[in-house]
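A quick write-up on the structure given underneath.
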Amino acid sequence: MKETILLLALVFFMVAIALLLYRVIVGPSMPDRAIALDTIGVNLISAIAIVSIVLSTKAFLEAILILGILAFIGTIAFSKYIERGVIVDRNGDS
Amino acid sequence: MTIEIAIILIPFIMAALIPLFNRRLQKSFIGWVVLVIPVSLFLILTTYIPRIAKGETFSHTYWWIPSFNINFTTYLDGLSLIFSLLITGVGSLVILYSIFYLSIKESLHHFYCYLLLFMGAMLGVVFSDNLMVLYAFWELTSVSSFLLIAFWHHRKASRAGARKSMTITVSGGVAMLVGFLMLYAMSGTLSIREIIGNVDEISEQTLFIPALVLVLLGAFTKSAQFPFHIWLPDAMEAPTPVSAYLHSATMVKAGIYLVARFTPVFGGEVVWFWAVTGVGLLTLFWGAFNAVRQSDLKAILAFSTVSQLGLIMSLLGLGSVAVHLGYSTSSVIYTQATFAALFHLINHSTFKGALFMMVGIVDHEIGTRDIRRLGGLMSILPFTFTIALIGCFSMAGLPPFNGFLSKEMFFAATVSITNLDIFSIASIGILVPVIAWIASVFTFIYCAIIVSKTFLGKIKPDILEKNPHEAPVGMLISPFILIGLVIAIFFFPNTLGAYILKPAMSSVYPTFPATAEMTPHIYAWHGFKPELFMTIGVILVGLLLYRYMKHWIKIYRLFPQKWTLNAIYERVITSSENISESITNRYMNGNLMHYFIYIYVSFVVIVAGTFLTLEAFSWTPSLDAPVENYELLLVFIMIFASCALIFAKSRITAVLLNGVLGYAIAFFFVIFRAPDLALTQLVVESVTTALYLICFKYLAELKPEKTSKRVKLSNGIISILVGSTVTLIGLAVINYEKFESISVYFEDSYKLAGGKNIVNTILGDFRAFDTMLEVVVLLIAGLGIYTLIKLKAAKKGDADT
Amino acid sequence: MFAQFLLNLFLALLWLLLVDEPVPQLTTFFTGFVVGIGILYVMHRFFGTQFYLRRVMKILYLMLLFIKELLSSSYLVIKQVLTPNLQITPGIFTYKTSLQGEWEITALALLLTLTPGSVVMEVSESGDVFYIHAMDIEESKESIIRSMGKFEKAILEVTR
Amino acid sequence: MNNLLVVPLIIPIITAVLLVFLREQIMLQRIISFITMIFISIISFLLLNFVQTDGIIRLDFGGWIPPFGILFVADSFSLLLVLTANVLTTICLLYAFSTIGERHEKMFFYPFVLFLIAGVNGSFLTGDVFNLFVCFEVMLLASYVLVALGGKKRQLRESLKYVIINVVASWMFLIALAFLYGTVKTLNMAHIAQRVAEVGQDPVLTTVAILFLIVFSLKAGLLLFFWLPGSYSVPPTVVQALFAALLTKVGIYALIRTFTLMFPLNQDVTHTIIGVMAGITLIAGCMGALSGRDIYTIATYNVIIGVGFILIGLAVGTESALTGAIYYLIHDMLAKALLFLLVGMMFYVSGESVVKKMSGLIQNYPLFGWIYFLVMLALAGIPPLSGFMGKVLIGQGAIENGSYVLLAIGFASSIIVLYSLLRIFLASFYGETTISYEDRKPIPRGAYVAFVLLALSIVCVGVGAESLAIYVKDAAKTLMNPSIYIDAILKG
Amino acid sequence: MIAMEILEWVAVILVLIGSIISVISAFGLIKLPDVYTRSHAATKSSTLAVMACLLGAFIYFWSHDGYVSIRLILGIIFVFITAPVAGHLICRAAYRSRVPLARNSGQDELKSILFDGDIAATTVQTIEKEKSEENQ
Amino acid sequence: MKINDVILRTVVKGVVFIILTLGVYLFFSGHNAPGGGFIGGLVLGSGIVLLYITYDLETVHRKMPFDFKKVAALGVLLATGSAIGAIFFDAPFLSQTDIYYTFPILGEKHLTTVTIFEAGVALTVIGTLVTIILSISEDE
Amino acid sequence: MESLMMILIGVLVTVGTYLVLSRNLIRVILGTAVLSHAVHLLILTMGGLKKGAVPLLSQSEGPFTDALPQALILTAIVISFATTAFLLVLAYRTYKTNGSDDLQELRGMSDE
């Protein structure tokens, strides 16, 4: 029963990801896509957590943290790209 | 070190020394130094004559590549002796002649170096018993000939002639090499003598005829037989001494040598008979026929050489009948053709050598070789005229010169062959004497042309202006020695026969008893035989035709310029270059898409082709692990995302979709219990995406693909085929469970390597070497990117090569 | 403030040494820490500053505030998403804060962003003016500004 | 002693890394890299001789016994190639010293060359397929950098194609590896061979083998050579020479290993396909060489012809054919390196690459011209130069095996080789020169030293074929009898 | 025992709630009119969803294995801190790259400050960029 | 109006510590749990890259004045050096050894040469990652 | 599951190949990225899926899922990253010097 619910939750997350994928593809603006990708990352975090429960393993908990970090870095990078076209500035003046 | 090997090596050593001492040697002196070599070699070789006449042979082996049976085995017998005497004898005369012929301003060290190189190579050819060594020297003669033809390489014609001769003779050489290899495959030996010893076993094998044909190709190209003769006239761009030496007396006779040498092997074959005889006769005719229309003296001599080589070749063909018939008193008669061939070989070298030197003198003194601009030189160049007269008479087959003797024997041989009832000679054999006779008529005509157009008639005024005079004595010595031989041989032919020709005959017919009368007595007069009438006919018809040449010369115009062999050769070369170029440029067009199409199509055709042909496909889905719903959903998400990637119109969308794929794969790594992978994939995917974004600053936005629908469709089909190939093979492979994986071993990682993370233990210990190298890969990439960005093309004067 | 924490750590370490186990245990250290807390609470007035755990309590409170905001704003978003015919008027308005220093401003901005219906879009160069996007500017602007005061106070409690 | 086996890989890597720290000291970089190459050449020679006395040597990295760990395996075949590769790289370095220029030298040129040679040596020596992939990548990454080194317009363009195609090729390699692992569940070459022999190379395994054929063909330039002409004509000369000498040879090595050791059991299918591919490669290469109007095109298509010719040896597959293939490999490495060095020098002195626009070079550079002439003859297989022995043995094998079509194409190709190179010689070296001896652009001494050394090696390999024979024969024997290799790895 | 069972159920329910919130917020990203309003959905509800899930996982491992996962706690904190930053940055980027507000938007106090001075200089450029990047 | 990155920079200052700590943790935990030199290096590298993104080349370079090319090279030296070390003990190339050693305060620890090897890996990854990002960002 | 993965891999390969066959440089590079995704999955699938526990001895007694493919993929991922990074830089350098990212225009016939 618990496992069924967990699997159901996974299905929900997949549905959410699918919806977000739609947003990634359709846009219309770049920030829309960036938000959607960020949210996909965040949803994957949840999905990994659930899989960890289902598989009853602690092996993926680092992945959760790392994915959090990466989604964050990614979003920063994207927003900088959208805003300035550059990700790493040459100097502080820009 | 025996003398034979020394004979081969000395010219090479000298050739190597010349460039070294070039600066120390006075230019006027160099020729004389070089002259010492052939003269002394010739003298040494003459000491062999008596012993070889007694039937002795000399053989020595020096190891070269014994692992593959390739060794220097020198073999000196009657046949080699004839040729080696010619090589050194004519060589001496030619070098002597060159000393006076070539100006001191020429790069003489090159000239003599090449000449010595050639001499050594040629001696190597005739002394080698080992097929591979023979081949080596054979090609070296082509190379040195190339260098000599291109001696005046600033002239375009020299370069063209050199290229043609090299291409044709080397091609023939390659064919010959294949023939040799086939002989080796059949006989298991590379020694010519051993092959001759095992002929019976070899001749039954399927490769025998191919080997025969291939060896003949080598001989025909080298000896300028029809239709390969076209290189020889162009080779006349070489300095005249070279023409005299290589392209009439020696190198072109290497093919003759080869045919003679291999007569004991292949001689019994009908293919051999007809090929050698037929091609010889055709060449004989074609050369003589074409010589008549030439206006350059050297060209006339070139075609004449072609023709004479054909004559010798056809004689060898006729003589091979004796091998087929085997020894009997009645068959011995047919060996006389071979005898005549060897005899004419020597005769030809004498008179043709003299004639070339004569042309050299004319060219040297008058400044032209064009018979249309020459005439009446008899009074200015009386000695030269003598040379020309005697040489031409001999060539035309008139007494009292050696050419008469061999020409008569030739006619005799052609006539006697018609009596045979093998090889379908009975039906077409009559053609042999007919063609021989017609060719001789033309020979007579061009001989007449040489003499009369150059020396008789009135002197052209523009020649007189130059105030020409007779050549220096030095230049006359060599041709006069040769002319002397022309006459001497006529009077003492049997000395030559007994000491030189007879031992050579037993080389060609090793199975025939030496006592047999294979060395017929040569008579200048032997009664009213058909050959005499043929000769008389030649002279009468020849004179007549020469007299009325204006009337029939038009027949040459029947051969359109477009279809001459030369034109065809040029056209084949040019068109193969052009076709190659257009084909190559069509597919090697620099378009990466096309390259990928070729690659993928090959991939599909070869891999899927094999896979399906071998019926390797199998699929048992029941063995699969179960699929959860969310996994199915994820698969759909990935398929959707990847398809969307194709249609993405903006690069950011595309990169994001790629990121989605990467993240989804990381999630699959989670599902499939691969934590390290998941971690790495996540980080790498993000970093890669960041890299894309960073690089996008310098790249353009995606534009819609401008490819046509058709291209898109075909690309799509190719892609689907590639994808399905991978899938189908994969389905077959996942059920392939014949072996246990070696990774079971790694499950003891804690005990073995002290790590509990198996994957990491593999990376850090079991397969640490991979990891070490992959770190190197990373470093290279990092440094490489740095280099790529920092090292930009210099603006101008970039000296890097 | 920080000195108090260090002292606490020192006390815990002292405790560890005093107990003198063959192998030092983490639990012993914790015990020492708790003992230290007690001693410090008694003594904190001698330092002339607040008891440092009080600050910790404030931080906890701030975090709870964060979570509460998160829950309520999520509720609002979900409600709006699930409302069939959504009638909202988004917009951008400014807010000038009295907070200073990067940590304070950041904390406020984050809190604001978690507040129902608002996202901080820009901070002025001087750092004291926020440009806030509101999901439904007519309805929530006032409530947002009202809760801002509350947040500022909570943050100040922690930082000063 | 077994640890010596890793020297040809690890020493160049370590040196390369050290040179990164010595970026500004160019003289020091030259000396160190040169000494390194000499050193590993000597080591490879010693190893080659050890193999003759002790048989196949192996080095199990980390002491993990095969098939579980990665190992280096040295038999005569691999060591001959390692030795040749190292020697010619040493000589090419001499050329580089005087030609490559300070700009490149400061941009880690020597480290990249050392990385390249490390990858090449690793590829020759490894006994593990996945490690082969990794070694390939080391080599490829270094080659990616080297091919683009300089950043000229055309160079970058061609490098890009080269890199992309190789990325896809590496992808195919991984696909093949995946299927290989999916079937035989092991990565050790000897173990693979053993397992394949156990089940008799069934259709699935043959398919996998064919996949490897495609993969290595892409690397070797067998049929799938499209990447080659463009990319081989753009980098600095010395890099071209190294590419021509090394890169395709590694692919050829891999092909020979794969189809003599791992998948030798279904030759009807595999060797027929290889034969067809080799034939087409030769024809295409010949057409390319004939079509070429500039020296680079002609030279690069000659590389393709060489590839086709060597692989005839594999397709034929008899012992003499393989012996010939090995001889020819050694020859081709040396001669192609020299050819590209010469061609690059022609461009340097004349500023032209179109054959017809050059003339009379031999008058100003006689030695240069004659060395070109020599290498031309060697490439055409004229005895007694290096190309002869291989050509003869491959021909012999083809006759033994009845592969007459391949024989004909192969031998005809040597005529085209001669013809195409002769065209350069006649048009560019011969003829009138417009530049006086005084005005000529001097050829650096280092370049001459490299030319002469390579020319000497060509002559020595040809004339001294016998002294190589024991090694080559041993190599071919091992290739013909995979059990020697397998036993050396898995038993003991 | 029962306590553990209950805790596990709590965990599972938390996960389920998280997943439902996630779907709803994803739906919000589809439905809401402009990027700014969508960012509300992303930064708030999604964060809540993930926090619920992680908390669920934390509770599960705690009750099931007696394992207190610092990593999960760190993960929760991390998401919690970074989500609003991400929302802020993206909105700012969107606005500065001139992604328009929804049509029915009310006041816009930022516009005048941000774009008044350099409108002539930057607008054309940015609009072109927009066109090329977002013509989907 | 100039962009005010105060929020981002403040948060990143805190977050980078978490990332770097995690990176070090992953590096050390590799032998028994997911992690290792690669991932550790990647995470550490990502942390540094995050700094570059948040600040700018000059600022970060002032505060971390390393030549990352040399860091990468050093990493390779370390990895190959640890591999070559075995040769001097007459063991096959790349042989790893490990010991259990009791430290005064830290207690018994598992020390292996693999750690040196992995440190090399990690340094290379960091060095390369940053070199790549820097080189591209510095391009004109 | 394996069959499903094979189908997914097939689709990814198809998409990757199609992209590699594009004229646009970025699409081609993305194509190689998709291809490498596919092959990583393929290697994993070839080791068998869900056949055992996470290959950590500290977490389970076994049987473990096949660890070797995981190690191989890790190596492959890193190499593919290195290559992709280089390729990207090469691509933009080419674009900047040649002024085109269209491979058909980069054929290189006109300027020689």
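Read from first to last, the chains carry the letters A, B, C, D, E, F and G; within each, the first residue is number 1.
Following the convention adopted for this analysis, contacts are C-beta pairs under 8 Å (C-beta built on N, C-alpha and C of every residue); 3 or more make two chains touch, one makes a residue touch a chain.
Note that the coordinates shown come from a computational prediction; the quantities given were computed from them, not determined experimentally.
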According to the touch definition, list the chains common to the neighbour sets of chain F and chain G.
A, B, D
Of the pairs E-F and B-G, which shows more C-beta pairs in contact?
B-G
Distance-maximising chain from chain E - centres being C-alpha averages:
B
Whole-Å gap between the CA centroids of chain C and chain F
33
Any idea how many Å lie between the Cα centroids of chain A and chain F?
25
Per the C-alpha centroid definition, the whole-Å distance linking chain D and chain G comes out as 28
Using CA atom averages as chain centres, what separation in Å is found between chain A and chain D?
47
At which residue positions does chain C touch at least two other chains?
109-110, 120, 122
Provide the list of chain G residues touching at least two other chains, using ranges where the numbers run on.
20, 25, 28, 42, 45-47, 53-54, 56-58, 68, 74-75, 78-79, 82-86, 89-91, 93, 97, 103, 106, 108
Overlap residues in chain B, where contacts from two or more other chains coincide:
590, 592, 596, 650, 652-653, 671, 673, 675-676, 679-680, 683-684, 686-687, 690-691, 694-695, 698, 726, 730, 733-734, 741-743, 746, 756-757, 763, 765, 767-771, 774, 776-785, 788-790, 793
Spell out the residues on chain C that touch chain F in their complex, using ranges where they run on.
23, 102-103, 105-106, 109-110, 120, 122-125, 127
In their shared complex, at which residues does chain C touch chain E?
66, 70-71, 73-74, 77-78, 80-82, 86, 88-94, 109-110, 113-114, 116-117, 119-122, 131, 133, 135, 137-138
How about chain A: which of its residues touch chain F in the complex?
59-60, 62-63, 65-66, 69-70, 72-73, 76-77, 80, 83, 86-92, 94
Can you list the residues on chain E that touch chain A in the complex?
8-9, 11-13, 15-16, 18-20, 22-23, 25-27, 29-30, 35, 38-39, 42, 46-47, 49-50, 53-54, 56-57, 60-61, 64-65, 67, 69, 71-72, 74-75, 78-79, 82-83, 85-86, 89-94, 96-97, 99, 129-130, 133-134, 136
Touching chain A in the complex, chain B uses residues 628-630, 633-634, 636-637, 640-641, 644, 648, 650, 652-653, 656-657, 659-660, 663, 666-667, 670-671, 673, 675, 678-679, 682-683, 686, 689-690, 693-694, 696-697
